[in-house]
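Each of the next two complexes has chain A plus one more chain, namely chain B in the first and chain C in the second.
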Partner chain A sequence: MTPFQYSRANDVADAIKQIATDPSAKFIAGGTNLIDLIKYDVEGPSRLIDISHLPLRSVEPTSAGGVLIGAMVPNTDLAYHPLIEGRYPLLSRAILSGASQQLRNMASTGGNLLQRTRCFYYYDTATPCNKREPGSGCSAIDGVNRINAILGTSEACIATHPSDMCVALAALEATVHVTGPAGARIIAFADFHRLPGNTPQRDTNLEPDEIITAIELPPKGFSANYSYLKIRDRLSYAFALVSVAAALELDGDTIKEARLALGGVAHKPWRSTAAEAALLGQRTDATAFAKAADWLLHGAKGYGHNNFKIGLARRAIMRTLDQAARGTPQSNSDKKIR
Partner chain B sequence: MARSGAAKRVTRMVTVPEKIPIRLTVNGNRMELTVAPWTTLLDALRDHLDLTGTKKGCDHGQCGACTVLVDGRRINSCLTLAVMKEGAEIITIEGLAHDGELHPLQQAFIDHDAFQCGYCTSGQICSAAGLIAEGKAKTADEIRELMSGNICRCGAYPNIVSAIQQAMERS
Partner chain C sequence: MASYIGSATPRVDGRAKVTGEAKYAGEFNVPGLVHGYVVESTIPKGRIVRIDPSGALEVDGVIDVLTHRNRPQMADKDDAYKDEVATEKGSPYRPLYDDIVLFSGQPLALVLAEDWETARVAASLVKVEYQKAPHVTDLHTERANAFAIDKPEKPRGDAEKAFASAAVRHEAEYFIPTEHHNPMELFASTAIWDDGQLTVYDKTQGVQNVQQYLCGVFKMKPDAVRVMSPYMGGGFGSGLRPQYQVVLAVLAARALKRPVRVMLSRAQMYALGHRPATIERLALGAKSDGTLDAMTHEAIAVTSQFEEFARNDTGWGNLLYRSPNAKFEHKLVKLDVPTSCDMRAPGAATGVYALECAMDELAVALKTDPVQLRLQCYSDRDQGADIPYTSKQLRECYREGAAAFGWDKRKAEPRSMREGSDLVGWGMASGVWEALQMATTVRIVLTANGHAEVATAASDIGTGTYTIMAQVAADMLGLPIDNINVKLGDSTLPQCPLEGGSWIASSVCNAIANTARAVRGDLLKLAIGMKDSPLAGAGVDDVALIDGKIVSRRDATRAVSIASAMQSGTADRITREEANKVAEDKSHARNVHSAIFAEVKVDEQLGVIRVTRVVNAVAAGRILNPKTAHSQVMGGVVWGIGMALHEETLFDHRFGRVMNANIAEYHVPVNADVHDIKVIFVDEPDEMVNPLGIKGLGEIGIVGVAAAIANAVYHATGKRVRDLPITLDKVIQFN
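Up next, the complex of A and B:
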């Protein structure tokens, strides 16, 4: 590893102050992604500012009827928290389908949002990559791109965002609370992550001198009709090829509200207002689900090795919607997809 | 693959940072050591404290061979900086047996022949100790899912699950 300095932040204000004095410093919380990237020489911070001890570890109901999650809450604690398991089981299932229990014990809520892509070429410093080295080119577009994106891509980058938790947070329309030198602001989840465009080096709209302090969940948790289905190369402990978060509000078998988000297919959790609108007032049947899948995958494009993702995603969307409508969410331990 | 422009490597001059003194409680013993900021907990245990029972497998958080318990929770010590664990209580495979008696998981792994080469075993056992403490796994399917962070390239999985079930029944 390239040598770096280490310091500890005492509170949020101290963290912001420390990062402002050294633009090549980085915050470290769980470290599950950053330490790995430093070992591979993809990241080379001059200093790591340890924010893991900041008092941002509570999960509390809000006066608006939602839940406020401190940025330092470990992924495991969040997934098993009674408020989350009870009211937002979609989030709980999504978290527990990602990584391993060891990594979930280490990883923070805020850090989960800031994971870098798992594109092979981003990790391989011997190859060009616009995300790692802006302007050097994209090796994935004509390379081994089986794991890469089919939606929202650009000529500069076809990387995907690797998080499962974020797919559920997108569907639940969470907000991200951040603080920087200019004060605090709240970012809608859909506006937090970016599409690659011409600046794939920027994954999010968080400024380099800002810090995530909390994630807020709105009151609606869709705890009766939801499912998170993750398709991957192994039955556990692998990144998604395609994942689907589906949440429905039903009146009998008529859909009153629908949320749909895809993971593993784009630079950010993928939603489509047209797909969700197409489900409104429809019966929970294959015709409606197929139409929603077509809307959600509108404009999908394969790059050779990943062409299979388009058909896979279509079937996964339909199956997940069916699981949500039946009230039989995908289990994380029983791997059969029913 | 033809590419426009090879990736440039940037060399940045840095002052080599000072080593940092830390205190850890390892297997009940208070330890004081001085480590570089980039020293992982895994390297601190193996190279500074001579506790080589914790294994370095992939060194990237993908295999689980380096699993130890920090303040009672299982984590990958290869992705953990030692300086960030100042004051923490660490349990490694060397700290599981008590008074010459094997930990129930160690005995169960022997009873069920739950390994071949044994390289992943200390990580498997520490991970299983964490799993039992969490209390979330009841069925074999749940054990498999929550032990998925520990890879065994010999493929001793069926016996590992049996061994964990035995230890769970007796704990």
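Up next, the complex of A and C:
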């Protein structure tokens, strides 16, 4: 742990100005991940710029028929917001399956996107890790990798992105509104997080001097046929071994549109256009679901302890699609898988 | 006045705990307090070539950095470091003693600063250079180097021959990984040095053990060292031996002549003792009538390179089942890890898990109901010592537990019970532990206003010791419970053993009864001395103390109030100090027993396991307080769920390091994992075990629970998982 300065940003412009003057500063909102990382000596920012007071706390309908979510909206408030519960229940369920009530109360919407991996080696500064210390090597590839990735990995890194919320946002094709010294821009969710490649130290395409201001949801919420299923080693307060967000638009039992994303398996929420295309025009049956699973898991590779994730993901995809098709989404209350 | 003993009395320390009034070892603030932060080894084995504290010393507010090179003097003989529960063989670990690295996470330096944050920042600036040595941390790869140790369980007959010729055989290995205690309260010590007098607030399960240990390590006189631990936020065995932070705090207090607090981080607590990873081999041979003929139980457990820690894993079958031929063996493997230590029901949690899974497998092989098999093999005698029990209501545990659970509706065939997409499994197991009593002295001070102070150097590790002591004293002294003030957790109080082994309730309460009897004798003398005393001629056992009065047991109208008896004398108080009588009698075995029934629901496709119901029927003699007793057993069941499904300290053997040293990734059950738990206390009067018939409840709650769940998982899925924890990928072959 290293000492740091603390300052508060009054508005977005101020936040951008402050971070521009100090490249080793970090924004802090809920701090539910960054504080841990500072304690573990993984992060050592020179300054924490507190953005938790920025006026980015509203959840409002957009003229396009979607919803704009301020970056500082706490996860809990978002999950229980009537617009979200009513129109985007997939997002609500995904958020509520993550972390604990206390953490969700603190965690911000923008911060959720920026949380770092839970790979054991990333947190242990006594071991090599390319994400923490580029070029030092990946300890997980031949190590304790039960929780690590099976898709989109590289020789440099097999870490996963730990968010549940992001899996739903990926499926819903949200966009990320960011602002930097060069002005504002909008990043498609699929382009926000990166695969590790040779630069596992970079989780996202957000520039260091940019700030997330909002998440925008498009009009389509798939509120009739959706499910978020999270499989983990205990029934709450654990990161996903595999999670699945499924959203369907049905005409009778024929699939008109499908969205499918996986969590816990890759460096980013994992989608495949081929998998979703394979479902179009198909009946909601096991054959179609299995085909989609095959596409989505195409190229999946285990590293020893996590080999099971491939088969588990396949079954979880099929079950989640079935739950979505039947209109019986997974509930977080009794943890029984429907 | 109704009896407090046996009533669901609320915790007398409950209010203090929930209001924060109760202070723990890391919460005693004194002026000028110095804060210490530990720098740990990042390698498991080798030597320190160089420690450079200069970076830390440059930080504003840092006072000093203690290492093996500049620390104050410590004892140089092993004996000085041997506390009450130190292993018989080996050299106890000496914190900051020399340049040898024995395990990853070993303290190498202590940074001392004016505040904790500064100490922590500075600790990250201490540079350590090592000379690494090859290390081993994997029990499986090292098992060939296992060596047998002497254990009391002797062989009977010829188990191998009987096994070979048995009609039905079952043989298998079971595995329990390393587990850590993870008490909520972090280990902490506050040491106050005052002109040669040392006062230490320590997180410990034995203040007198720590006091004696510190006297040895620092060559101090007993009356110069006082150790206090009024409250403890969970111990589970991790606080039986003095932990290293107490040595560091005292070292620093002596070096600086200032009060020092050292508190460990959660991650640092993974370098303390732990439940040893253990391989258990069971070989059971039965006759075709379903009675056991051969029982072999062999355990291979982890210990450190420098001490031989071993508990009784293998002897429990002797207490549960008749078998004319039996063989037991306990082996150890030395690894480059801290010495293993006691964790709730040490030996039994692991050994009985394996035994009871093996019995379940034998029942399957015999096509017998698991409860029926246990009744067929039921032993009314301790097979090892060939003696009867003071009491053993285990049959009744099976009966009441099975009835409450609805066991008779179980379909024997695995995968035969379903509920929607879930496979339903019902499993059961037996539990057993010892009913021990240790020498304990209690002091009672009764004052003329009818208030009493009851004191002994016990620890209340969260189990309710304060409360049961108050209950027993109130009953024995005939006073309302609000008039009883319990004092414990102070090494200057009368002698009391460590809080462990489930012996505190029986030891302390029987000592209270003896001391109260002495007080009663003094009161009676005063009463008899009164003019026209209605108690003239009565002996101490002819009277009882009831409702503030000394009352004749034969004629309740003959009574003298305690207040008037006290007034008749010259003293304003009666002080008595007496011990319990610890039985020398070896003619009977003293044990507690339980029967556990568990229901699991396992998603057939995904392998997700939920423990939906557990019934634990316990026979443990007299239950002093059904409320705290219920909590105690329920906590054991929850831990058993964790042992079965969640808990595992994950090592990366390349680095010799624990990779999940935090409670986000070291999983224990959370509320969602805990459903319906029913605790039954089977009636078990036992005047032989000790005068009050108390057997203790600390350990029994967890024993057998993991086995019942593992057996239920088998019944649900047809898949026998023999290495814990049972995760979904072990239940289902996914690829």
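The rule is short, and it goes like this: the second predicted complex is superposed on the first by the 338 of 338 C-alpha atoms of A that agree within 3 Å, B and C clash if a C-alpha of one lies under 4 Å from a C-alpha of the other, contacts with A are read in each partner's own complex, and residues count from 1 in each chain.
Here is the rule we go by: a contact is a pair of C-beta atoms (placed from the backbone, for glycine too) under 8 Å apart; a residue touches a chain by one contact, two chains touch by 3 or more.
Note that the structure is a prediction, hence the values are computed from the model and not measured.
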* First (chain B), second (chain C), both or neither: which does A:T127 touch? -> both
* To do: For A:S136, decide between first (touching chain B), second (touching chain C), both and neither.
  => first
* To do: Please work out whether A:R118 is in contact with chain B alone, chain C alone, both, or neither, and reply first, second, both or neither.
  => second
* Asked: Now for A:G302: first (chain B), second (chain C), both, or neither, which partner does it touch?
  -> second
* To do: Have a look and say if chain B or chain C is in touch with more residues of chain A.
  => B
* To do: Report for A:K336: first if it touches chain B alone, second if chain C alone, otherwise both or neither.
  => second
* Looking at the overlay, what does A:I231 touch: chain B (first), chain C (second), both, or neither? -> second
* Between chain B (first) and chain C (second), which, if any, makes contact with A:T21: first, second, both or neither? -> neither
* To do: Using the superposition on chain A described above, determine whether A:D50 touches chain B (first), chain C (second), both, or neither.
  => first
* Asked: When the two structures are overlaid on chain A, which partner does A:T2 contact: first (chain B), second (chain C), both, or neither?
  -> both
* Jot down the residues of chain A that show up as touching in both complexes, chain B in one and chain C in the other. => 1-3, 126-127, 139, 142-143, 234-237, 335
* Complex contact set, residues of chain A against chain B -> 1-6, 24, 28, 31-32, 35-36, 38-40, 44, 46, 48, 50, 52, 76, 80, 99-103, 105-106, 125-129, 132-133, 135-137, 139, 142-143, 234-237, 332-335
* Structure fact -> In their shared complex, chain A is touched by residues of chain C numbered 42-43, 104, 117, 120-121, 124, 421-422, 601, 603, 605-608, 610, 645-646, 650-652, 654-655, 657, 659-660, 662, 664-665, 667, 669-673, 727-729, 732-735
* Quick one: in the complex, what on chain A touches chain C? -> 1-3, 41, 118, 120-121, 123-124, 126-127, 139, 142-144, 231, 233-238, 241, 302, 307-312, 314-316, 318-319, 335-338
* Contact footprint of chain A on chain B as seen in their complex -> 1, 3-10, 12, 14, 16-17, 20, 36-38, 40, 59-61, 64, 67, 73-76, 79-81, 83-84, 127, 130-131, 134, 136, 139, 141-142, 144-150
